[in-house]
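Structure in structure tokens, see below.
As written, the chains take the letters A, B, C and D, and residue 1 is the first residue of each chain.
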Amino acid sequence: MTFQAIVELHPRPTGVDRGALLRCIEDCLDCGASCTACADASLGESDVQEMVRVIRLCADCADACDATGRIVARQTAPDLELMRAMIRACSAACLACADECERHAAHHEHCRVCAEVCRRCKQACDELLTKIG
Amino acid sequence: MTFQAIVELHPRPTGVDRGALLRCIEDCLDCGASCTACADASLGESDVQEMVRVIRLCADCADACDATGRIVARQTAPDLELMRAMIRACSAACLACADECERHAAHHEHCRVCAEVCRRCKQACDELLTKIG
Amino acid sequence: MTFQAIVELHPRPTGVDRGALLRCIEDCLDCGASCTACADASLGESDVQEMVRVIRLCADCADACDATGRIVARQTAPDLELMRAMIRACSAACLACADECERHAAHHEHCRVCAEVCRRCKQACDELLTKIG
Amino acid sequence: MTFQAIVELHPRPTGVDRGALLRCIEDCLDCGASCTACADASLGESDVQEMVRVIRLCADCADACDATGRIVARQTAPDLELMRAMIRACSAACLACADECERHAAHHEHCRVCAEVCRRCKQACDELLTKIG
């Protein structure tokens, strides 16, 4: 993706580990889109009645990831406490969504894949948290 | 606003204090729009060079409030840890943005008003947190 | 809502009819939150299988309204063609969502109310379009 | 990105050209994040006074791309007129943002790269429009 080049061209980088930052942004984008698509695929399943909680938590996780990806992508004059709290919220959303998707992984492949993306995004959030101090 | 009637018509309310819930959603909507408008007004000021941090934190706060308003407005099968973490992130965003806007309150009325909205939204978030347990 | 005061305090207003502008922003906020809440209430209904298209179109309409509310709230150096295209998209989303919600108005009060909010938001969008020329 | 696998696992695909759909979603994600990062990099430049319109149009384009990426990623029971209007709005946002970024391409590399991403996203939107009919 090209956004990484733009993040790297920032005139006043914050000093936060660049690799951890880029991984977190990319995983937030991928997880946000994956959760939007998994909520929609779950809504299209014939057993939608069983998928209610997946649909709800995927919607939450998409909202958390999209907002976090935006906030983490900004390097100008950040507030670190705001940033940490947001990354923690994203990590919590990914965990809740991964756990619920996993319960449906055996019969819905899109849930199995979505759980994986959520776990990877949680890990990228947790790793970035250790770099922000 | 009409959205409140729809929140009240939910077939399976979660048992969370309804008043605190509605105040949090409404304040998130108002604060999100206020921060978008204050970032934009600050961008239009002749002393924009002095407003860089206001613009950045208003953008963050708008993203946090909009995502939190959506998540809090959902009552079906919630994950309370996700919800708490998100409300905490919103509270942190409102605090950071209010503090920065306040520094410009004397010379930019829109910053003075925006700081007030952020403080009110933070309070609504903090109150809702005490009700979710 | 307080955001209106901030919109009115913009240092370089665009000359677009202020009343039509404020109505459009407020209706986008209300409609966005209403559609998020109606999608969620529909997801919580025992006849969720019948509500699939409501849930999908409410999600679309919430995304369109939230993005349009943000774009319309900005008055600094706008691109009018971008703004018109976005307001037209919001109007189309409100129309599609209102029509679908109306089909469920008789048995789900939240859909009846949501259809009304969508129609009002569509009208505010259409009125603003006539003022941007 | 993994979201593509989830889009391909949808139980009831809409029949819209899958390749054009996936390109549009991916370019919306990349362009949304690129515009958020370019607005932020521009805000951090010492000549921020000259960058006001870039910052504004990048913010608009990020909002349009993020909303469009979500709507296009949903395949369950779509409304094609809504979808077309949204993709047209995204195309208009990308065009306006690309033109403005290009004016700063010679002295700010992030604007040069962002203009390219916007043009690619506009093309993906326009191509998808020809497939939805």
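Just so we're on the same page, a residue touches a chain if its C-beta (ideal position, glycine included) is under 8 Å from a C-beta of that chain, and two chains touch if they have at least 3 such contacts.
Note that this is a predicted model, so its numbers are computed, not measured.
Student: Are the interface residues of chain C and chain D largely the same numbers on each copy, more than half shared, or largely different?
Tutor: Chain C and chain D contact each other through largely matching residue numbers.
Student: After a C-alpha superposition of chain A on chain D, what does the rotation angle come to, in degrees rounded to the nearest 5?
Tutor: Superposing the C-alpha atoms of chain A on chain D needs a rotation of 180 degrees.
Student: In whole angstrom, how far does the Cα centroid of chain B sit from the Cα centroid of chain C?
Tutor: Here chain B and chain C have centroids separated by 19 Å.
Student: Could you state the distance in Å from the CA-based centre of chain B to that of chain D?
Tutor: Roughly 26 Å, centre to centre.
Student: Touching two or more other chains, which residues of chain D qualify?
Tutor: 40, 43-44, 52, 56, 59, 66, 70, 74, 76-77
Student: Just say which it is for the chain contacts: an open line, a closed ring, a star, complete, or other.
Tutor: Drawn as a graph, the chains make a fully connected set, so complete.
Student: In the complex, go through chain B and note every residue touching chain D.
Tutor: 39-40, 43-44, 48-49, 52, 55-56, 59
Student: Any idea which chain C residues touch chain B in the complex?
Tutor: Listed in rising order, the residues of chain C that touch chain B are 1-3, 5-7, 9-12, 25-26, 29-30, 33-34, 36-38, 40-41, 43-46, 62, 66, 69-70, 73-77, 109-110, 113-114, 116-117.
Student: Under the touch definition given earlier, write down the residues of chain C that touch chain D in their complex.
Tutor: 52-53, 56-57, 59-60, 63-64, 66-67, 70-71, 74, 76-79, 81-82, 84-86, 88-89, 91-93, 95-96, 100
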